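Letters are used for the chains, namely A, B, C and D, taken in the order the chains are written, and counting of residues starts over at 1 for each.
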Amino acid sequence: MTLEMFLITAVKIGLVLFIILTAVAYLTYMERRVLAFIQVRLGPNRVGPFGLLQPLADGIKFIFKEDVIPNDVTRFIYILAPITALIPALMTFAVIPFGDRLEIFGKDISLYVTGFNVSLLFVFAMTSLGVYGIVLAGWSSNSKYSLFGGLRSSAQMISYELALSLSIVGVLIQVGSLDLVKIVEAQSGWYGMQWNVWAFQPLGFLLFFIAVLAETNRVPFDLPEAETELVGGFHTEYSSLKFAMFFMAEYAAMITASSMATVLFFGGWNGPGASADTWWAPLLGLLYFAIKVFAFLFVYIWIRGTLPRFRYDQLMDFGWKLLLPLAIFNIVFTATWKFLFHYYDLAQYLPGWMSGK
Amino acid sequence: MFDAITNYFSNLTPEHYFFFLFAIVAIASALEVVMQRSPLYSAVALIFTMAALAANFVLLKAQFLAAIQIIVYAGAIIVLFVFVIMLLNVRAEESRLDRFTALRWIAAPSAIVLFAGAFAAIRFSNLDTLAPSPTAAAAGTTERIAEVMFTKYLLPFEAASVLIMMAIVGALVLAARAKEYDAELSGIENQEVPPKPEPEAQPEEVEVS
Amino acid sequence: MLPITNFILLSAVIFTIGAVGVFFKRNIITILLCIELMLNAANLAFVAFASYFGDTTGQLFVFIVMTVAAAEAAVGLGLVIAIFRNRETLNVDEANILKL
Amino acid sequence: MNTTTLLGGIIFAPLIGALVLGLFGKRMNERTVGLIASATVGVSFVLAIIAFTTLLGVAPEGAEGIRRLHNPLFPWIEVGSFKAPFDLVLDPLSALYVVFVTGVGFLIHIFATGYMHGEGGYYRFFCYMNLFMFNMLVLILGSNMLVMFVGWEGVGLCSYLLIGFYFQQQGPAFPNQSAKKAFIVNRIGDVAFAIAIMLVFMKAGSIEFAAVNEWARSLTAAEPMTVAAFGLGGASTIALLMFIGATGKSAQIPLFVWLPDAMAGPTPVSALIHAATMVTAGVYMVARTSEVFVKAPSAMFVVATIGALTALGAATIGLAQWDIKKVLAYSTVSQLGYMFLACGVGAFGAGVFHVVTHAFFKALLFLGSGSVILGMHHEQDMRKMGGLRKFMPITHATMAVGWLAICGFPLLSGFFSKDEILYQTFTTNAFANPVFGKIFWGIGALTAILTAVYMTRLMVLTFWTKERWHDDHGHDHGHADHADDGHGHHGLAKGETPHESPWSMTLPLIVLAIAAAVGGYVGVPNGLGHLVGIENSNMVEHFLEPSVAHVGSHGAVAGHGVEAAAPVAHDATLELGLTAFSILLALGGIGVGFWIFRKNPLLKLPKILEDKWRVDELYEATIIHPIRKLSESILWKAVDVRSIDGLVNAVADGIRGLGGTMRYLQSGLTRSYVAVILLGAACLVGYFLVQGYVK
């Protein structure tokens, strides 16, 4: 590892963190504005032009509020919890491929922090750690609302993590790699017809998206923080910067989920002209990636503005009795499909764009 | 003396530093697992042990297992523990008098003998001369593990899946039986089932304003 | 390059800590956690040997061990809940009658 | 080896049909069920035709010059040197079988859509039928004995399910009893077959048919033709064991008793399984491993003897039966005897050819009888039929073709195959003494006359004499004796007349009638062909030549197939003379049948014939009853209760006693257990350390 590589990586880490944190901040703004639009309100529009400086104001408020630590909390874990929530959420961005390789000053620089052959598993490992933040917060607060929020959260996340993992197995069978970069590269060509969502994982995508909604605790699966039932759920006792960390973790998780949906099902940075042999093509790819992620984030907010919350037993039934069997069916279906192609080589009878040859 | 130490440190590669870092984290958190009185602290400490071991797996070029280690152990098993701890709301170990102090006099020496034996076995072995295999990275890929798992070790794999199945059934039975036992403990099953009481007259609806 | 003894020694240390924990702790949950610790120590040894011999078999064993650990956690915690419901305690010394 | 994926398609099409019908059939209407069932078999048939034509274009390979298509599916069982891959192989023998099985099966499926109309469990019936087709095709196409065994057991299972299709009926001779009987009798044969497979693996080192035949060919000389040859564990023993398996599946003496009872199933089942396809599996197996049989003349003699006796015995029983399906059932047994006779004298090609022609005309006759039964509102007693020609013209015409074919009427299919068998039997030199061949020929000729007589009787009673539908006669035999098709009411009510069946039933009849009429022209005996100026007119045998062994009239005893493949001069005069004689036999038999039954249709024949030579009673007295007594008095009361239970109880008591003392170790204190474990571990480590130090 030369010093140069070290520096480049450090700059990339800094840049990604900066962009993500900014994106998180403006995601809150976007959520409030879009929700307001859906509910025929105005939303924040006073601070700066169109209220664009609102996130900044929120940030300043969070930092300077009094940091209250209740008396009966388990102190160490109480402080540890928000950190545990935020760090894994940010760490996932280490492997998400935002774009292709770019040539700057004669150097070949990849538009992602790092990539290795099991990067998809890394993302899953990190997201699976995210539950601890919530669980520990719920337990250490020594408050029944927090405890219930934490309990619900752990049960919900364990349940939906199965469906989540199984829903992407179809993609893995098709692509044959756990490397996110390879998964994106496998979806290039044929003007988007090679995106996994059409070819042939529509069910997988649907399951993935629903499971991801549950994993990020978003409406209609936001039971861990159901404010009408549990005051605020696991973060009832948190305030100031610690609360902000939970907030950031949740929104970072949303961006992660949207990025993963883009990478796994919607071709990542692929798009018209993004694979051209020009210097700006990777930047165009970056733009496509951003647009796709943005679209998913919009859908998130849209769903929040539209759907009511599940009941707890409905949530469990839905996860175990519908999503899981469907995900298994999807795997069997994909495996059979792949086997038939492999064994009988059905592909030779199909037009080229369908077989990907 | 001083030269020996500088020599030693100058021979160290980044791998050494990473190993020592993670080894210290692993041992410290493992000690923490044992020494904490509260099960939740133990569980949290265990997560750190797992993470440190996963890092060691990466040093050993077993990236797939490292990821699986985090997903399965940290992401599923320990979560289950934490969930149960929360469900039962266990705070700290009761500090009641230990009734079986005598047992310590057997176990403590045994543990020391155990470790001493293991240490001696490692010390007197010729493991030090074992050179790292050049194919280590190839042996740890997902493809290779899958290939071995679904061909040569298909039977153990199937046996493991049967084991998981039995565990599921066992856990279900335990959970379902709990009610029955409750009933048994409260002596309901030995009694005649009392006739259902006539539904009492509903109290008048109270006006809620 | 690191000699393999480093990893094996680390494994032995963690294993001993786990074994001691299984014996000295009285809380069933902690005991289960200590068992996980021992299993993990074994895993480390497996992976170390697999890596130094360039053989995948050791890694596969780790996989199986994880399966066993998962099964053990499921059944063990089911038992914990059952014991707690009937005994109101998690002390192993209290749970000394076969009949719950 | 030519690899293809066609064969997989052939077997899986009906399997998919069976799965779909089994899982979702309950919610489908009859049309859909019938369509799926017939279409999947139709697909198989088309694929079989394609595979057949592909096979013709394949270059012969190996020393034997066998054309083969190979379709490996998956490795199945591999233990040490024992390998049983789930592979499919198409060679001339299996190609012929596949084509006629799928073809006849397809027609019968279509027939059944009409016949089973309105029955409960319609989808269940077709699910079983498709499953049967799958298993039969696995049996035929399997490349090794174990895969064949899978199909073998599979068809047995489907046969059981279908015989017992009307399982709701209760009684001593009702479908579920018949089904059990078929299943159990077949098991006896299957055990022998399984032992044969093991023995083959021991001797030949492989259970692939190609390898087994290779091994048999490599045996230098045939084993001597003595009884002692069976005890040697060589070719004779293997051949005999396999033949026992075949007697079970193909209803030969002594295991033939299940087939007539199997008529309790619906008629299409009788046509498909118990006449055309499954029961010929035994012949198929013998032909498949013919090289082994060729090396075991004593086993060949047993095969020929059993075949001839079965043919004759069943024909005599068939003379006296009243139930139309029973007559056909005994006729089937008799014809199967013919096929085994052919195999026994070394004319495997002729035997297989007879299987094919028999499949056509017997399926036709059974379907025709089904049509009659349906037209008579589920009446099977011929005493209550008669004069049906007017009411069921198509059925009558097609059945007449089948009748003439089975009688061996000149220029119809049965004539060619039967004539070939008789000729080959007469001239065989498979046995040390040529007199045996002449004796077998005599039995065969007698059977041919009897066949013509009882088939004529069937036609006369059913179609030509005066109407007897409303006669009270014939009820004296009671209902229990006669398996009806699951309807409380059967027979025609007063004033009703029989009616012709719908097109879905008559169409298969017509197609089969054409096949039964002209199907024989692919195998015109060489002598006759020579007469009209065509050389080597026996195309079937020529086609099969590489894949079955040759002995008897074509070559020296135990001659290699290669040698036999060379053209052999025929004794044309002898062959034509025998042909003329068999024409005489057929016409004579038909004439006798007319002469006797025209005037006196309800003529009573000796009671012992009507009672099927009392074989069932004999088995009851000599085998079943003693076994039952033995089980009760010795196995149950002495062995089970006294010895086994006593032993088990003693063990239990001992353990209880031991546990009583040992339980004091179980303190229930988890940590004391842990301490003991830890101590044990420490001791182990210490032991190994000390041991290492000592070294």
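Everything below uses one rule, namely that a contact is a pair of C-beta atoms (placed from the backbone, for glycine too) under 8 Å apart; a residue touches a chain by one contact, two chains touch by 3 or more.
Predicted, not measured: the structure shown is a model, and the values here were computed from it.
Novice: Figure out the least number of contact steps between subunit A and subunit C, where 1 means they touch directly.
Specialist: 2
Novice: Starting at subunit A, figure out the least number of steps needed to reach subunit D through touching chains.
Specialist: Shortest path length, in steps: 2.
Novice: Among all chains, which one's averaged Cα position is nearest the averaged Cα position of every protein chain shown?
Specialist: Of all chains shown, the one whose C-alpha centroid lies nearest the global centroid is D.
Novice: Comparing C-D against B-C, which pair counts more contacting C-beta pairs?
Specialist: Between the two chain pairs, B-C has more contacting C-beta pairs.
Novice: Taking the mean of the C-alpha atoms as each chain's centre, how many Å separate subunit B from subunit C?
Specialist: 5
Novice: Can you work out the whole-Å distance between the CA centroids of subunit B and subunit D?
Specialist: It comes to 61 Å between the two C-alpha centres.
Novice: Using mean CA coordinates as chain centres, what's the subunit A-subunit B distance in Å?
Specialist: 28
Novice: Out of subunit C, which residues touch more than one other chain, so two or more?
Specialist: Residues 19, 23, 26, 93 of subunit C each touch two or more of the other chains.
Novice: Residue numbers in subunit B touching 2 or more other chains?
Specialist: Only 64, 68, 76, 80, 85, 87, 100, 103, 107, 111, 114, 118 qualify.
Novice: Spell out the part of subunit D that touches subunit B in their complex, as residue ranges.
Specialist: Contacts found on subunit D: 669, 671-672, 674-675, 678-679, 681-682, 685-686, 688-689, 692.
Novice: Within their complex, state which residues of subunit A touch subunit B.
Specialist: Checking each residue of subunit A against subunit B gives 1, 74, 76-77, 80, 116-118, 121-122, 124-126, 128-129, 131-132, 135-136, 138-139, 147, 150-151, 154-155, 157-158, 161, 178.
Novice: Please output the residues of subunit B touching subunit C within their complex, sorted ascending.
Specialist: My answer: residues 13, 15-16, 19, 23, 26-27, 30-31, 33-34, 36, 39, 42-43, 46, 49-50, 53, 56-57, 59-62, 64-65, 68-69, 72-73, 76-78, 80-81, 84-85, 87-88, 90, 93-94, 96, 98-100, 103-104, 107-108, 111, 114-115, 118-119, 122, 127-128, 130-136, 138-140, 144-145, 147-149, 153, 156-157, 160-161, 163-164, 166-168, 170-171, 174-175, 177-178, 181-182, 185.
Novice: Subunit B touches which residues of subunit C in the complex?
Specialist: 1-10, 12-21, 23-27, 29-30, 32-34, 36-37, 40, 43-44, 47-48, 50-57, 59-60, 62-64, 66-75, 77-82, 84-86, 89-91, 93, 100
Novice: So in the complex, which bits of subunit B are touching subunit A?
Specialist: Counting only subunit B, the residues touching subunit A are 14, 38, 40-41, 44, 47, 63-64, 67-68, 70-71, 74-76, 79-80, 82-83, 85-87, 89, 141-142.
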